[in-house]
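Each chain carries a letter (A, B, C and D) given by its place in the written order, and its residues are counted from 1.
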């Protein structure tokens, strides 16, 4: 059970890889429309990080027994130690009380800029008008570190430059808080000097070529590139039976 | 019962005179250590101003059934429509939601400046260190109008100039909000042009000479000076039986 | 003071050109019955200020009531993009004044507190800043903050759990609707249930905002549907999916509006069209 | 994480020179048991930041623990002036940094929210302003406000109704103690009752601040005495009058301290000295 699982799906791998970015005792938040991080946080809490505290729009350290595809949902306050809300979440972050945050977007570029606003050259008349970044532009300055999750590692989602910067990545006036990018193919981070995206590990069964083909810029490749630690058997069992029997994590892939 | 009462005490007259400054439908606040206004508000609500809403540190529009000599007291939230607190009270006032406020002090001068801080020439080493003005210096700018209550109309309490301005009265940068001064001897207001204190009415049985002798500056005397409307029989009955059977109002005199 | 109104009277307090703030968020405590009545009454040129919202904004945009939206996230979370909102922005028929959640909610809070602005941290480096010349960077003792101006809605539309006839409103769940009610000039409220004043006075710690902020209050049971009301009923996921499917085309959305708004001229008739008693009972928590 | 401590361990977290914020106000939710233990442990050079307070400040000043008080109102309301505070200021042995309630509470809120300042209205024309060069007038669009700097306590002393061992604290009544807990570096809590975590998780809407803000929590039933605990027990008016009578002279106050603090080295012994079971039962609401 504690060894690596042999039978897991891409969503399970991604949830597990995100869970592994979290440390015990941290306070972590997730954005809206973020079912994969919601499950990853609960998985981390059920395994290596029992003291991990999730702070979201509904409550602090809740024990949800069910989910829907929404993050402002009463079930996310079930068993919480305290109810929360949008303002409190931002105030806690601004006060320095949030250690880690999960964000996503339609595009993330070489320097870690994220676009959740609009696709196309003309922002005013975009090809695709997206949702907007909710609190990203603010929280990226106030949380401890940022973990980007991207369920589809594709060229157009990882371009050289994003069409619109909703969340700034590497920026001269911004303290570097970009920690990890976790996709369905790999884990990446950012080279401290240049701020450029760098491969950290490749998911089991994926090749470097596959990653390069699906990335719109040249990733920095370190000398050794390990395989991403796969989910343990315990993680897979917990995910399927206790943490997410509904399979809500699949909806984000 | 509706006619003027013939048998009333100075505290009852003062409470009644303060109640008469309030209008139906207003939202009114009182400061800390303000038992006379606390009772005056409830008296006004029980008589001519049933829609008067009291907002204080504990609650909104409460129906207290008992009192102590404190204003941050759970009984002042009894039957409230909403609990309140210090921050909410100041925010409501700043938003323009408080029509009238009662304040007092150890000194009030000719121009309506109030001193609740320190008596003596040297603020740093005062003759008497008072409590401080709580929120006066802020609320005097944010509430609609200010009613000063002063249970002891004496020369040293009504000097030409206060020793320290806790609450500014007439001031070039301050919108005029000083409405009435109600003491145990008289009701006063302020002449619009000069901002100087002016006699409005004399309490039953008090003479102009008595008032002048007990005031540390020359009050403006209008041509006609009526007698303060005495409490009605109904007011006295209500005060003694229902509004304040404890007699908490006497403690402020 | 009696603030009781019918749903129709309540919606009539919205005027063409009003600036609306809206309670709740994606699928909870959204004043949908009120919004449908606003659509029936053909209000036009509305501006909307929200932080993160979905169907409330999308249906008003799709019905042609809206000229401009200020917001930080307009969508249906895991269920998809907001179809009418997206179409209108892409076609250039709707102005979207995009910002970030805490900038908008702090602007509303500034209005609620009678302040011209509030300071917040963040925004630097985001292209959002290029679109908000009114946000002023300010340095205090070497610490840089952003001053965001007050955002003042003329009307707040609110759906709550219960209220008395004086408009003292109790909203369950984890919202910040007190802020929008306090920020707005007029506050129009629907609740699941009108209760006696004594019931409110027994539970003053649950009151979200006092009656003196409320302009009118109407009873509308299941008035958040297809959104939910925390503690009472869940949101109607199947209806939301039907909405999104219909919204894929303008014609499809027109059919949706006909069926659920125009041809269901009362809230009761809407609930019947949406599945009636059987459906609403199934949503009970 | 377990935050449970004894009263004595909790008070030991206060260091000489600390800047204290204190929960409650005049006669409610005041952490008196904790404060008496701070006095027993002989802490010195404390600075205190409060808005409106009474006995908490006065007893610490009278016991010689305090160098400076920042506050807007220090007194006993209708019961009289604060005797030790008054004497110390008049004799020049205590520095009183006087301001106004909302300036202080907004400064604490700025610290709680990680901001260097917050804007408020008011203060103009008051002599208080002459003593606060750090308050900056600021004009936005013709509207004048005052920027008040963050006030950062190193320690918050809090008395609440109940908490679990992780330090999730529930405080009844109408306070704003969430702000001081969030503003401080360390948060030291006493509660009427330590309850199981499940009890807190059943009532998360009553939680005032989360365990991750709490440094230590100790159980101290009747720990607010002679102040009260809303919903549980009233304040002890007779004891307050005895305190004020004793405080009229330094010698009288020294006797009070001997009787109720130094010669009653535990909280239980204090309660016995203050009248024991009979007295505390009489205060139950």
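We take it that contacts are C-beta pairs under 8 Å (C-beta built on N, C-alpha and C of every residue); 3 or more make two chains touch, one makes a residue touch a chain.
Predicted, not measured: the structure shown is a model, and the values here were computed from it.
Peer 1: Touching both chain C and chain D: give me those chains, sorted by label.
Peer 2: For chain C paired with chain D, the chains in contact with each are A, B, in label order.
Peer 1: Give me the chains shared as neighbours by chain B and chain C.
Peer 2: Both chain B and chain C are touched by D, going by the contact rule given at the top.
Peer 1: Applying the document's contact definition, name the chain pair with more C-beta pairs in contact, A-C or A-D.
Peer 2: The comparison resolves to A-C.
Peer 1: Can you work out the whole-Å distance between the CA centroids of chain A and chain B?
Peer 2: Centres of chain A and chain B (C-alpha means) sit 59 Å apart.
Peer 1: Counting only Cα atoms for the centres, state how far chain B is from chain D in Å.
Peer 2: Each chain's C-alpha centroid was found; their separation is 29 Å.
Peer 1: Measuring centre to centre with CA averages, how many angstrom lie between chain A and chain D?
Peer 2: Here the centre of chain D sits 42 Å away from the centre of chain A.
Peer 1: Quick one: which residues in chain A touch 2 or more of the other chains?
Peer 2: 59, 77, 83, 94, 142
Peer 1: Going by the contact rule already set, what residues in chain D reach two or more other chains?
Peer 2: Residues 114-115, 120-121 of chain D touch two or more partner chains.
Peer 1: Among all the chains shown, which pairs meet the touch rule set out at the top?
Peer 2: A-C, A-D, B-C, B-D, C-D
Peer 1: Residue numbers of chain B touching chain C in their complex, please.
Peer 2: 25, 27, 51, 53, 59-61, 63, 77, 79-83, 91, 94-97, 142
Peer 1: Would you pull the chain C residues touching chain B in the complex into a rising list?
Peer 2: Its residues touching chain B are 1, 112-115, 164, 166, 168, 182, 197, 200-201, 204-205, 207, 209-213.
Peer 1: Once bound in the complex, which stretches of chain D touch chain C?
Peer 2: Per the touch definition, chain D meets chain C at residues 114-121, 140-141, 143, 145, 147, 149.
Peer 1: Note which residues of chain D are touching chain B in the complex, please.
Peer 2: 25-28, 51-52, 71-75, 77-79, 81-82, 85-86, 89-90, 92, 96, 98, 100-103, 105, 109, 120-129, 173-176, 179, 228, 230-231, 235, 237, 285
Peer 1: Using the touch definition from the top, list the residues of chain B that touch chain D in their complex.
Peer 2: My answer: residues 32-33, 35, 57-59, 68-74, 77, 83-87, 90, 94, 117-118, 123-142, 164-168, 171, 173-174, 251-252.
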